[in-house]
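Below, chain A partners chain B and then partners chain C, in two separate complexes.
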Partner chain A sequence: MEQKLVPYYRIVEKRQRTLRGIMVVFFIVVQIVWIGLPMLMAVFWSLVNPDHPWSYPQVFPSHLSLAQWDYVFKFTNIIRALGTSYSIAPLATIFTFLLALPTAYVLGRRRFQGREAIKILILLPIIMPGMVTALFLSRVFSFIGLDQNFFGLVLAHSLMGMPYMLRILTTSFEAIPQDIIDAAENLGATSFVKFKEIFIPMVLPGLFAGTIFTFITSLEEFSLTFVIGTPTFETIPTILFSFLGYHFIRTNAAVVSLILMIPNIAMLFVAERFLKTEYLAAAFGKM
Partner chain B sequence: MKKCLMIGLILLFAGGLLFAGGKQEKEELDYSSMSWDEIVSAAKEEGEVTFYSWWGEEWWKTAMTDFSKKYGIKGKVIMAEGTATMNKILAEKDKAVGTIDAVLIGGNRVKTGIDAGIFYGPIINMIPHGDKLDPKLATLQEGVRTGGYLVPIYRNQTGLLYDPQRVSNPPHTWNELVAWIKANPKQFAYCNPDKGGSGQAFVQTVIGYLTGGLDKYAGDTELDPAKVANWNLAWDWLNEVEEDTVITASNNESIDRLNQGEVSLIVAWDDDVLVNLKKGTLFKRAKLYIPNMGFPGGGDTAGVLKNAPHKAASLLFIAYLTEADNQIRMNETIGSYLARTDIKGKQALLPESERQKNGVIWIPAPYKAHFKAEFVKNVMMK
Partner chain C sequence: MPTKNRLSTLLLLLPGAGFIFLFLAAAIFMTVLQSLGFFSLTQESRFTFDYWRNLFDRQVIDSFLFSLKVGVGSSFGTLLFSYPLALFMRKKFFGRKPLGSMLKIPLFVPALVAAFLIINLIAYHGMLNHILMALGIIKEPLRMLRDKFGWVVLFIQIWKNLPFQLLIISASLETIQTDIEDAARNLGANKLALVRYIIFPLSIPGILVAVILVFIKTFGDFAITSVAGPIYPVSISVRMYAAANMFQEWNRAAGIGVVIIVTALLFVWLYSRLAKMMQGQK
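Here is the complex of A and B:
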């Protein structure tokens, strides 16, 4: 009987498929352990019934209730904080974009002395501890009358989001191939046309990533908001930190964390989908 | 365009200065020379008050709502992590008018506040029930002399908390505790004293028992190096039992580990235990007691800031918190024990007789600061 030989490429394909399968399973397990389990624990802790504590040896809470959620909504200013957080974040993101775009263009497309030093200096607000930055900046904000002020908070959040937006946009501008710009110029494109047809579509993925980072940084910013904003303004993190500090209360902290987390996760999923389809295609389709 | 931008910036800058200057012009009233009725009138005229606290929102919000109804003064309670609040206060310290009126002060931040001179006062004699508040806490808060600048709001006490299903005969004396720890490895937990008062209570007890008692430190305002020369005995013992004990990162982490069955005996604050029982994060069977060897207790206070925009209203709110009815309501709501000694509350894990018999005072602040630092150096880093 003639033995049929399996071609080598088939063996390689099979091995690759198996490896891919293992990697997918590994990735799913890691995601469940890394993200799913903490989320699930937060959900359970937020639903603990105060009359039936969740204690050893119970694996899951024996009774669930919405008492912890009710408590947070009743005894904290969470509704007002939600309104403030979600008003500041989009405005801060737009403001950051407007300030970062021209700076990123210059840093990404022009060569001048001290350019690398500036790029490092931009990262200072995220290198320094948040409270240290907040304490120094609060003096400046207070001096110019921008503490306890909504615009002051938008500006403060923009400053904290600026390193992300600026670094990502700078890298995006740097990555644009000079050939495309030269070709456009040869075909008579004006500065406006170049900007509209080349720069903007090609930095869009970076812009989108920067927007997400800036938006989330704003939503999670605590130190500066606390020092220059409270007592006039409270945001979600200022309430969350009261449950996380010295007097850590797991159940209430779980509720506020979920309030902060759920809209962000939803937004990330939407953004991820949008980013993959529209902008990457728009940007790299021209290369 | 450039000109417009420059003019805009100058106007903004000038506006800021004008705004800051305007606040400074307000004349400061001397409340210490006023009668209480005059202070109440001044408070109503101020019309608002902002109070910062780091826990117990259920009580402060209820109290503030009722206070506002009673006096027609708009009140705001901000719940914020205590260290962040202290940082904010220190950041605003040099401003003529700050943004915070009154603040609840915990033992671990009182030294920072008193040393920085952030409080207005002395105020304890200005409020109507000042003389009925616990005299020990009105004088010393966790070893720091408060000089009447801080008003006791509630008392609390450290003790040993255990799971009665796993500990049938909890230790009461020093020798019993040592024997219990050795017989039950990894079943006793206390928190890093740098991170919580319950850990400080345990380390103070260790120092007291191994280095010749705590009486010799009484009344000291400065650290006497000769008196701490033999503290190495305490560090040696803590290192010796490190394998048999669990050091946690906060007061509540100790309670959490007990709740999860990891340990069965811990050092805890009575009000922390009550909060955890109410929240469903600690099993109802948990028992708290002050061992006969003695564990320190104290309480928390409230103060008015030197640059508070509404000092009279702050004094009135603090006085409101110390009224008999409100002290009892506070005790029923958050479980903290009354600062008033002339009345009794119903909610208490520890009976008053046990507090009086086994509760001891804190070691003076310089020694406490020293042992917190030395513990990190000699135990945590070894």
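Here is the complex of A and C:
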């Protein structure tokens, strides 16, 4: 008798809630293993004490020290690479933004023939496999004297970031309702006022997302830098490649990996409040 | 559109689209010409099909097939994880936001770092071996690095590309209107039928984009395969790079480059045909 007091749908609801709770816990555990464990291993490797090597069958290193960090900063070119990476990235981002703004405006606000084709054309740097672009752009660059050249690297990084900036800005311009612009025009707004009061504020979140993606693309860029820049210029990824390739030194690679990765992840979490990664989905959801 | 307007449209398009077009057209032009014997660095430049005739030897074919395998394997392998995850993430539940943020992390981890992280995990005394041994599945650590098939490469690529696919598929799932779902449910569709007949067909465009973008990225990959891939065959990009920079056979490298570009474009074309077909069906 008593059981009938609880409607059936309540029981189902409760069962579903428990099931979902179990699923969530399961997913969080998987997440910790899937994301957390690899990161933890890298942190441990970067803290290995050179006097007490970490070898099989130890699960974790027995002694920790900052000696590896010390070594990497003292005896490798990491400081210069950091300087190169972090001077190319902002320059490339600004350059990309300046070039992308007018094009994104036209692609987002005007309808003309060949618009769809151009929207695909601007994806070319992503569609073309990086190493092919790198090798043969380097041939082109060496003809015009941009090989092994800082400005050449900024240009190359801008090229790789351009699709992100253009696509995301275009989506933002497209999203502005025409009514608002019409209303402003009715009220006598000039082009300048329209830009200042409508376009800029409404495009700002997209601009922010585009900037972050371009910046990160530049920090991560490997193929073009490797072919056009080395040996004159080293960035953090090319240094990491040398530690992972010919001279495989796990501890050094761990330090450089963390140097490369931590700012990116920090950016993700700081930016999460303003930046919706959904912009990326909106910009690339349709090719 | 008035002529003046058309002119200004063109001028405004130039900085962004023109920049991309200029440099990529130059690079593609250079690739094609070099594969035909022009701009030769070591030999006399002349028009010839010799490089094309000798291009497809055992090594190049093996590398091409390997890269194709990695591309198809990574794009569909990632889908295997990203699609159920995207379905799961549609629901509102406690802890969805932090979980979503965590899931996005690999998107911001550079490819080389991702390779390093996974290498650590599966190395001879990596965590995976410890866990497998603790569970009593194996007696002795396995040597899994640089395996012949390329499982490690697939593992790294799936780890790295999962959030990207998840984002795109989630966005395409969000556009499905709840009315349709409600209607189906009213008509007595259970969960499986809902996914099978409503959600899945409607999310195919998103799936196509997610798969094609990951395919292109992984097919042309250089860095990950060269640090974690098998000794032989190397990926097609590594083969091309070696031809150019180790053996100074730039014309041969250009031939391989053309093959890579054509393959990538072929898949994009295939995608657009499929996408059009889907639209036609609706």
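The definition used in the following text is that the second predicted complex is superposed on the first by the 229 of 287 C-alpha atoms of A that agree within 3 Å, B and C clash if a C-alpha of one lies under 4 Å from a C-alpha of the other, contacts with A are read in each partner's own complex, and residues count from 1 in each chain.
Here, a residue touches a chain if its C-beta (ideal position, glycine included) is under 8 Å from a C-beta of that chain, and two chains touch if they have at least 3 such contacts.
This structure is a prediction, so every number in the text was calculated from the model and none was measured.
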Point to revise | Partner chain in contact with A:Ile249 - chain B first, chain C second, else both or neither | key: first
Open item on the list: Under the stated touch criterion, which partner chain does A:Gly145 make contact with: chain B (first), chain C (second), both, or neither?
Closed with: first
- In the superposed arrangement, which partner chain does A:Leu135 touch: chain B (first), chain C (second), both, or neither? both
*asked:* Between chain B and chain C, whom does A:Ser223 touch in the aligned arrangement: first, second, both, or neither?
replied: both
In this superposition, the partner of chain A with more touched residues, chain B or chain C, is C
After lining up the shared chain so the two structures overlap, which partner does A:Val24 touch, if you call chain B first and chain C second: first, second, both or neither? second
Requested in this report: Could you say whether A:Glu234 touches chain B, chain C, both of them, or neither, answering first, second, both or neither?
Outcome: first
Touching A:Glu272 in the superposition: chain B (first), chain C (second), both, neither? second
>> Tell me the contact category for A:Val59 with respect to chain B and chain C: first, second, both or neither.
In response: second
Residue overlap on chain A between the chain B interface and the chain C interface 54-57, 131, 135, 139, 222-223, 241, 244-245, 250
Within the complex, chain A is touched by chain C residues 1, 5-6, 9, 12-17, 19-21, 23-24, 26-28, 30-31, 34, 39, 88, 91, 93-95, 99, 101-113, 115-121, 124-127, 130, 141, 159, 164, 167-168, 170-172, 205-206, 209, 212-213, 216-217, 219-223, 226-227, 237, 240-241, 244, 250, 253-254, 257, 260-261, 264-265, 268, 271-272, 275
In their shared complex, chain A is touched by residues of chain B numbered 12-13, 15-20, 50, 52, 54-55, 57-58, 61, 76, 78-84, 87-88, 90-92, 95, 99-100, 106, 108, 196, 250-253, 256, 259-262, 272, 275, 277-284
Chain A contacts chain B in the complex at 48-57, 67-68, 71, 75-76, 131, 134-135, 138-139, 142-148, 222-223, 226-227, 230-232, 234, 238-239, 241-242, 244-252
In their shared complex, chain C is touched by residues of chain A numbered 20-21, 23-24, 27-28, 31, 34-35, 37-39, 41-42, 45, 54-59, 98-107, 110, 112, 118, 121-122, 124-133, 135-137, 139-140, 155, 158-159, 162-163, 166, 216, 219-220, 222-223, 237, 240-241, 244-245, 250, 253-254, 257, 260-261, 264-265, 267-269, 272, 277-278, 280-282, 284-287
